[in-house]
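Alright, structures below, take your time with them.
Next, two complexes with chain A in common: one pairs it with chain B, the other with chain C.
Here is the complex of A and B:
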């Protein structure tokens, strides 16, 4: 049984198709990368999985259970952690308190256990030195890390990462991929949307390309990137370089 | 789950709940509680009356801020529970209970009534929710006004004071207002320091990411709505005792909601201190501009609008952000245990 299973998931916003018959499975502790042009429906797909967006059709199963019966909070508690492409910190709370909310509510921990998980999730992303600062005072890069920390503090089994590598230097990308690989070896499955393809290639063992809500390619990362469909999408095959944007 | 089993339970970090030692705060708070409890014997009667009205409004505003400032529920119908609390006290007193004893029971009555009301109101969002709270308040007032036992529209005096001298009645009325305010503020503070408090702060800051962090937003909101109903019910009860007369047009007056809203906005939403500071300013203005009739309301309204535009965190919020001072800290302060 797969950890996460999407079957014929479709969604339209008015005339805009953000999901059309999306079907894929994610196995435990594996990492999938998702690429695709702007507006392809990548972020919407995360919304559908995390419960922010209700699909028009299709089924989603997580550990064999019907995920569509659960609301966002229940999905977070069940083990779905996500980050937001445009960070959504709790601005007037400290960085530590941001993670603590997730540890107490998402991971259902209390007192010292929750403090330790929250702090550990900050240490993993290098944010612990900012623990007592208001989250609103963080730079964009640190806010993205806080997204990751907070998702981690829910103690997820699947982590949905939405463009957390944008704007990083080469060194920082390497740091980030090291963090992600560590999480994966700790048993967390990962779905990672990223325009910085190099970060993905260091990490994922499978790549999905979305365009206009459809999966146009799915498989080995190198094969997906060199496939005709993806090359056509990015006009002229400048794909294998730094970025597919 | 597998996040760092090595760390869990191994005391990675130690937590303090204040940035400064609470000693001085405790001493100041203790002295204030002492003085305010002795107020009827210390201050002139006219000032004691002002204090009474102050405490009634502080209780209401603290509850309103909990709803609007933390849980994002802008109610313009909290007078529903002020009224129901007042009339519950009248009812219990008519049945022979001491009005003072009736205060907690009136609060409880309001909490019980609030439960089904949430199932109705929570179907609505934003402005529709606000308007619906007003409809609920008006409906409650109209229904109460038809009950003959409660004197219909003209109301009825609250019985049960015959054993007390006039001085005792005034003093006890003051003490009731003060103790209700004290319990409401202390209760709110303890609530905000609890797990639920952390949840409410997260909902205040970002509802969507609160949900995806595992926060059950609706149930947190429901809890807050019920608590606020109880708090406003207690305020309505002491209002009834202070008069001591209840009347639909007074108890169910939308003016209460307007004042709760104004003082919370001026003082600062989403902090414990904000509504209290807002009340101080409200009563200071009211007292100093008394001779100009309703001018204090106009000035106060303009002040509220000005602050809403330029200082949405309110006066206390701005002050706190600038000087990093918290009189009533609710946060978590970490210190790594490594090294």
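Here is the complex of A and C:
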């Protein structure tokens, strides 16, 4: 049984198609990268999985359970962790409190157990020395790490990472990629949207390319990147019907 | 000495304003709702205390033991039904709905209890005052209300910073979607914030009823004072609300010293000055708790 299974998921905002018959499975502790041009529906796909957006059609199963019956808080508790492209920390709380809310609500832990998990999730992203700072005072890199820590503190089985490497220097990207690879080897499945393709190739074992809400390529990362469909897409080809021309 | 007395009296009445206003501030800070029926809820609490507590055979002084928890429950239910539905539409709807609630409450009270003024009589224990200097009178009752206000604000501050539910309230106030992703059900948290708001305003309403007479239409002027205290102190800051209440109280005392008709004017002038010079309020940060 797959950990996460999407079947025929479709979503339109008025005339804008952000998802059309999206079908894929994610196995436990695997990592999928998602690429595609702006407006391809990548972030909307995360919204659909995490519960911010209700799809028009299709089914989503997580560990065999119907995910669409749950609201986003229940999905977080079930094991879906998500980070936002632009980090959204609780600015007026400390870094530790940010992780603590997630550990107590998302992972349903109490007292010492929740403190331990919150601290551990900061430790894993290298943020523990900033634990008592207000989250609003963090730099971009640290905000991205906090975004990751907060998602980790919910004890996720799958992590949805939305352009977590965007806006960082090469060195910072490498540090973050190392953290993510470690998470994967700890058994957390990863779905990672990224424009910094180099960061993806070091980590994921499968790549999906989205365009205009459709999956246009899915498979081995190198093969997907070198496929005609994807090359055309990035070189400015048009999507017509089922394929890229 | 006259000025000293004005400040003392301002501080005493300011405690009451802060008690009244903290719920208004919390509702706005957490769910961006300005509850225009806030003042009327205090009046309803006064009526409930007067009309219902005899049935429970408890002294008026202790009526808050019944009324405050009851209002907490009412607050949760009103939020989860009426107010949440209007939040789901748009912010303007919440103004219309709470304004409508205010109109309905006033008229229902007029219908049920006429326009006659009521008071919560608690005997003479608290009507005495301390007389430390020639023209300074400190009423025990005002002192007790100020102490209650400080205790309520301190407990609320402690609750928000030290408990799991308090942290959830702060998280939701900062970013409700991100709070959802962390496993927090923001609708429940909105309900809890409304429960606290209604419970505190019920306490303020009972304190008001013990201090002075109230009638079905008393809610409006109290809403104005609460609103001014919140804006002067800075929205979202609980201690700011206390300072705002006290500043408002002192300004009103100074106004009334110049001319007894200028009581409200004194407060309104301060309110306008703060709005003009420091619109975020004395302790205001952007949407913090």
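Heads up, the rule we're going with is that the second predicted complex is superposed on the first by the 235 of 245 C-alpha atoms of A that agree within 3 Å, B and C clash if a C-alpha of one lies under 4 Å from a C-alpha of the other, contacts with A are read in each partner's own complex, and residues count from 1 in each chain.
Just so it is clear, a contact is a pair of C-beta atoms (placed from the backbone, for glycine too) under 8 Å apart; a residue touches a chain by one contact, two chains touch by 3 or more.
These numbers were taken from a predicted model, which means no experiment stands behind them.
*Asks:* Taking chain A as the common reference, can chain B and chain C both be placed on it without clashing, or not? Answer clash or fit.
*Replies:* Once chain A is superposed (C-alpha atoms), there is a clash between chain B and chain C.
*Asks:* Now for A:203: first (chain B), second (chain C), both, or neither, which partner does it touch?
*Replies:* After superposing on A, A:203 lies clear of both chain B and chain C.
*Asks:* Residues of chain A touched by chain B versus by chain C: which partner has the larger set?
*Replies:* The larger set of chain A residues in touch belongs to B.
*Asks:* Quick one: classify A:79 as touching chain B (first), chain C (second), both or neither.
*Replies:* first
*Asks:* Applying the touch criterion given at the start, work out whether A:177 contacts chain B, chain C, both or neither, answering first, second, both or neither.
*Replies:* Neither partner.
*Asks:* Between chain B and chain C, whom does A:150 touch in the aligned arrangement: first, second, both, or neither?
*Replies:* both
*Asks:* Would you check which partner chain A:132 touches, where first means chain B only, second means chain C only, and both and neither mean what they say?
*Replies:* first
*Asks:* Of the two partner chains, chain B (first) and chain C (second), which one does A:187 touch, if any: first, second, both, or neither?
*Replies:* first
*Asks:* In the superposed view, which residues of chain A touch chain B and also chain C?
*Replies:* 50-52, 71-73, 76-77, 82, 84, 88-93, 97-98, 100-102, 104-108, 150, 153-154
*Asks:* Which of the residues in chain A end up touching chain C in this complex?
*Replies:* 50-52, 71-73, 76-77, 81-82, 84, 88-93, 97-98, 100-102, 104-108, 150-151, 153-154
*Asks:* Taking the complex as given, what residues does chain C use to touch chain A?
*Replies:* Those in contact with chain A are residues 164, 167-168, 170-171, 173-175, 177-186, 285, 288-289.
*Asks:* For a test of understanding, state which residues of chain A touch chain B in their complex under the given definition.
*Replies:* Touch list, chain A to chain B: 50-52, 71-73, 75-77, 79, 82, 84, 88-94, 96-98, 100-102, 104-108, 110, 112-113, 115-117, 119-121, 123-124, 128, 131-132, 150, 152-157, 186-188.
*Asks:* Quick one: in the complex, what on chain B touches chain A?
*Replies:* 1-4, 7-13, 15, 195, 198-199, 201-202, 204-206, 208-217, 270, 331-334, 336
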